[in-house]
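Order of writing sets the labels: A, B and C. Residues in every chain begin at 1.
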Amino acid sequence: MNETNYLINLEEIYKSFHKNNVLKGVSLKLDEHEVISIIGGNGAGKSTLMKILTGVYRADSGKVEIGGERIENYNPAIAHEKGVYLVPQEPLLFPNMTVEQNITFGFNKSKYEIREETKKLYEELGWGIDLTRLASSLTIAEQQQLEIIKGLLRKAKVLILDEPTSALTFSETKSLFEVIRKLKDTGVGIFYITHRLDEVFEISTHAVILRDGKVTLKGSIKDFTKDMLIGGLLPIGSESKHSNSFEKKYTGHMDRPPVLTVENISGDGFKDISFKVYQGEVVGLAGLVGAGRTEIAEAIYGITKCQKGRILLGDKDITQLGINETVSNGLSYIPEDRFLHGIFPISSVRNNITAQVVRRKGFFIDNKFEKEVTDKYIDRLRIKVTDHHQEIKSLSGGNQQKVVISRVLSTNPHLIIMDEPTRGIDAAARSDIYSIINKLKEVGFSILLISSDLEEIERISDRIYGIYRGKCNAYLGFEAVNAVNVMKAAFGTYEGSDSYVEI
Amino acid sequence: MLMLSKIPKWNLGLIFVLMLEIIIFGLINPRFWNISILLNSFNDFIGIAIIGFFVTLVMITGGIDISGGSIIGLTSVVIGILSQLIGLNIWISVILAIVAAGLCGLLNGILIAYGRVQAMVVTLGGLLLYSGIAIVLVGVSGVSAYEGISGFPGSFSNLAYGTVFGIPSSIILFIVLFIIAYVLLHFTKYGRYIFLTGINQHASDYAGINTKKVIASTYVLSGLSAGIAGTMLTSYLGSARADFGSEYLMSILTVVVLGGTLITGGKGGIIGTALASIIVGFLQVGMQMGGVSTQYIGLATGLLLIISVALLSISSSAKENMKKLLRPKFMKEGNV
Amino acid sequence: MSKFKTLMKKREFRTLFFLVGIFIIVGLINSDFLTIGTIQNSLKSSLLYIVLAVGLTVVLLTGNIDISVGGTLGLSAAVSGILLKNGGSIFVSIVVAILIGAIIGLINGLGVTKLKISSFIMTLGMLEITRVIQVIYTDGQWVENLPAGFKQLSQLNVLGFNLLLIIVMAGVIIVHLFLTRSRKGRYFSAIGDNVDGAILLGVPVQRYVTLAGLIFASQVGFISTTAGLGIEMTVIAAAVLGGVSLSGGVGTVLGATIGAVIMISINSALIYMKIPAFWNDAISGVLLITIVVTDAILSRRADKQTKKERLRARVLQEEVSINHAHAK
């Protein structure tokens, strides 16, 4: 086949943000009638690659060819013009406009024409959304359909589907796959981003594995097995972003009663989850973004309520308690989204550190006490600040996170839930936080760790529960924790455990 | 002591403006430099000031309360009806009226914090409702709406006109409420929670702070302060009318914002509000003495308001822009 | 029936139903209320509020607010009134009034977009300033003895309908069509709706926010001589009652119009029900709070439900695990 015939041809794409190299020479070709699955863990560079494909980001170096034509100053407008269309995971619709208004928004065509074309597309794809419905009333599947229609109306030749099935029900997924097959037959080329290996085999013609900004595996789906894909996702020893000088030692006390007992809890986004955390250990919940880990943590912490099951902290039942009570019972939580839920940006470092511990004190503010606490943690966690009254938003991500950890530690909790503790943090601060976690468990704190960074979770957890699509499907004891097993647990293909019964 | 080094700087500016004001008005009319006249003038704006103190708390949590003015009218009418028409003891009437004002604030607070309706909408409804209730009470009791209820005992008028150790009681009240608000906001756990809630309500929730209770309580305080203001105004003017305080709405917001409190919450202070209310109050007195109609005072306060906020936002918008440039990228990267 | 249901889902129809309900209930108590004359009178006395509420809706859709209406109204009315009194033509005075409105709107718009002052504060300051300018200009006097020809404007009838009523209604329909049908108009709601989305599609947000202020104030300008004191809160209440959200993006001018008519109809309804007029504010207040709180609770419940469904859909289903087993 002639090179110029490719719908998309990326060659040696490099992209970095600040000093963080996200893409390190990615080459990718897409032809008509192809569905290429792009698989990668969190942080592998998938989103960046998609943003380069749609012109949102510009590559630092490398060649972008669309329809055989080399494009120099690529941007979203050119992408639309050339028929490259992204269907985002959470579609960006105007919720208070009708379906039709959403379709026609920013589109230079008469309403009549659009309506006719939409009707035709509906017939071909076997859909039918009432054009007068408000976008806010659409289900996620319908919103995606709307996005796909928007793309097709703009004569898309390349569709990029970003984890489209993450919020779809089983039958919705089936019908989406039907559409993908139909589109493939008409000649549209599709990039299909996913975490779900089953889907890769079900609908794609090719698979590409992205790891740490590089393509590690690429080829026709017929040549692959699941294990090969998992293998492609695994880091090769020397490539690990962490130095391996770190020796893990089990310091837990499984002989004593558990600190946290979760018995068969179910709620929105998770089902039948059971696990235990003992004193002095780090228990990891391994899983991909959207697997339900954060929802489990939020239910334990009291932000949401579970519909069934029981949560015990020590021997106290905390199942139905709100945050206020769980906190006073000795639970603490380092939230996933530091900006939204973690820090008080325009407040001082001191007030951020003492935000939680002041509740223990009387009606009046005790400045001496606050100063002591702040000094203690700035010193202990080596937080870089100029003085106590510096606004926290002026600190680096790593130091901000240390402030949040200080806040939690100051209450001397029985159990600390850490949700993505190293997200958006540079390498040095990252290893600082790892050693903090390690010290904490040595002095007897119990930690429930949630992370999408599978290397991280493997490295610092003593025991791991795998969460895949809302269910706990794998258990790795201290001896079983290794890169391959963690990867398999997160992708839902781990079988070597007796706690998981295969149907 | 304060949350930010910036606020004292703002307060410094306010002190400068206040001094300038005193000097200029004094040059125009030396009577302005007569301390007793200045001190007595506090009666004219004490209502604005004391409501302003507690609306400051509301605004720091990220809310707004525009119902204060109409709670003044309601308090006034309740005092009048209870003491003059029903014949209750005047002080019992006053306490009941202030309790009623607190209940108005509680209703605002519950709807805003627990019903999660926008503060602006709820207090707008409150504005209509509370002055509406006052008008209904006046209408039902058959009092002339224009003359209002009068004939209060002398002890009640003393509230506004009396002195304690030679200091007008309105000044005493101003100072007492200033101290209460100041201590509450800057020296207590409750005040800390108000700031934290205003800066990031989600993070406060995650830190185990009962933000709903914090938010609702600030509206109760603001309602109570409006009740006290209503009592003072009734005493000062010697009659109870439903439309008392209706023109206070804009002035209250002006002093809070002019005092350096961020309308989006999280930043602010009582000292600023106090200074701003004195500035606005003296402006009124000075203009009157200079022979300018009080009607013109709006021009000055309006300009002050816009200029001060423009200054605040220009200095912060530079930072804001930096943040906008850096943050989305940073966040997206984190999600890659 | 399903058509009826979709209609009921639209906020402005619920408001309309409410309005009709008021008329029917009051009509049952006093049948005099249900004459064409009363209805037309209700409409006529709400004209001013309709125009203001419609203008305000355009601003509210962008997520901003304008509380300087009363001031703008008073000032432009005073200036044109004095012009008329001194023998100026009606046409010139209308042009001047619109010009004043446009200038104030432009200043507001520039303050909000360029100086980044919150629209609430900006228009609050502007309200005070315009009031004072009005006082200075009129020397604190009432503008009275306007030429008879000008006053007759509001009495003129065309085909049995009041001329101003026709003009205002035509205005409402044009603005409504502009906002819902034209591309530019839809940007207004898009700005309030989803700023990210709008920017993505290259909508020059700031220009339209300014334009909204312009449209708004110029509409205010051509209404006759009412002082406009305290009117701003009533107008905001009318818009909110009609389903316009103060946080932007939600609402229609039709809704706002109905809201304005409700606010005024309560007045006349009370008269016909022989309830003293002093109940008016209390009833409006209760109505406003009840409607808004109910709306907020309903929409939050719907939000929660969709979030729940999304999360539930993520959980591994039985069918999938069977399929999963087959795949191996």
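Going forward, a residue touches a chain if its C-beta (ideal position, glycine included) is under 8 Å from a C-beta of that chain, and two chains touch if they have at least 3 such contacts.
This one's a predicted model, so the numbers in the text were calculated from it and none came from an experiment.
Seen from the C-alpha centroid of chain B, the farthest chain centroid is that of A.
Of the two chain pairs shown, A-C and B-C, the one joined by more C-beta contacts is B-C.
Distance from the chain A centre to the chain B centre is 46 Å, each centre being the mean of its Cα atoms. Chain C has its Cα centroid 43 Å from the Cα centroid of chain A. Taking each chain's centre as the average of its CA atoms, chain B and chain C sit 28 Å apart. Interface of chain B with chain A (complex): residues 3-5, 187-192, 195-196, 199-200, 202-210, 266-267, 323, 327, 329-336.
Across the complex, chain A meets chain C through its residues 76, 92-97, 101, 105-106, 132, 139-140, 166-170, 172, 198, 201-202, 226, 268-271, 290-292, 295, 468-471, 473, 492, 502-503. Within the complex, the chain C residues that touch chain B are 65, 111, 115-118, 120-122, 124-129, 131-133, 135-136, 140, 230, 233, 236-237, 240, 246-247, 276, 278-286, 288-289, 292-293, 296-297, 300.
For chain C in complex with chain A, the touching residues are 6, 183, 186, 189-190, 193-194, 196-197, 200-202, 249-250, 306-317, 319-325, 327-328.
Within the complex formed with chain C, the residues of chain B that make contact are 64, 66, 111, 115-118, 120-122, 124-133, 135-136, 138-140, 145, 246, 250, 253-254, 257, 263-264, 293, 295-299, 301-303, 305-306, 309-310, 313-314, 317, 320.
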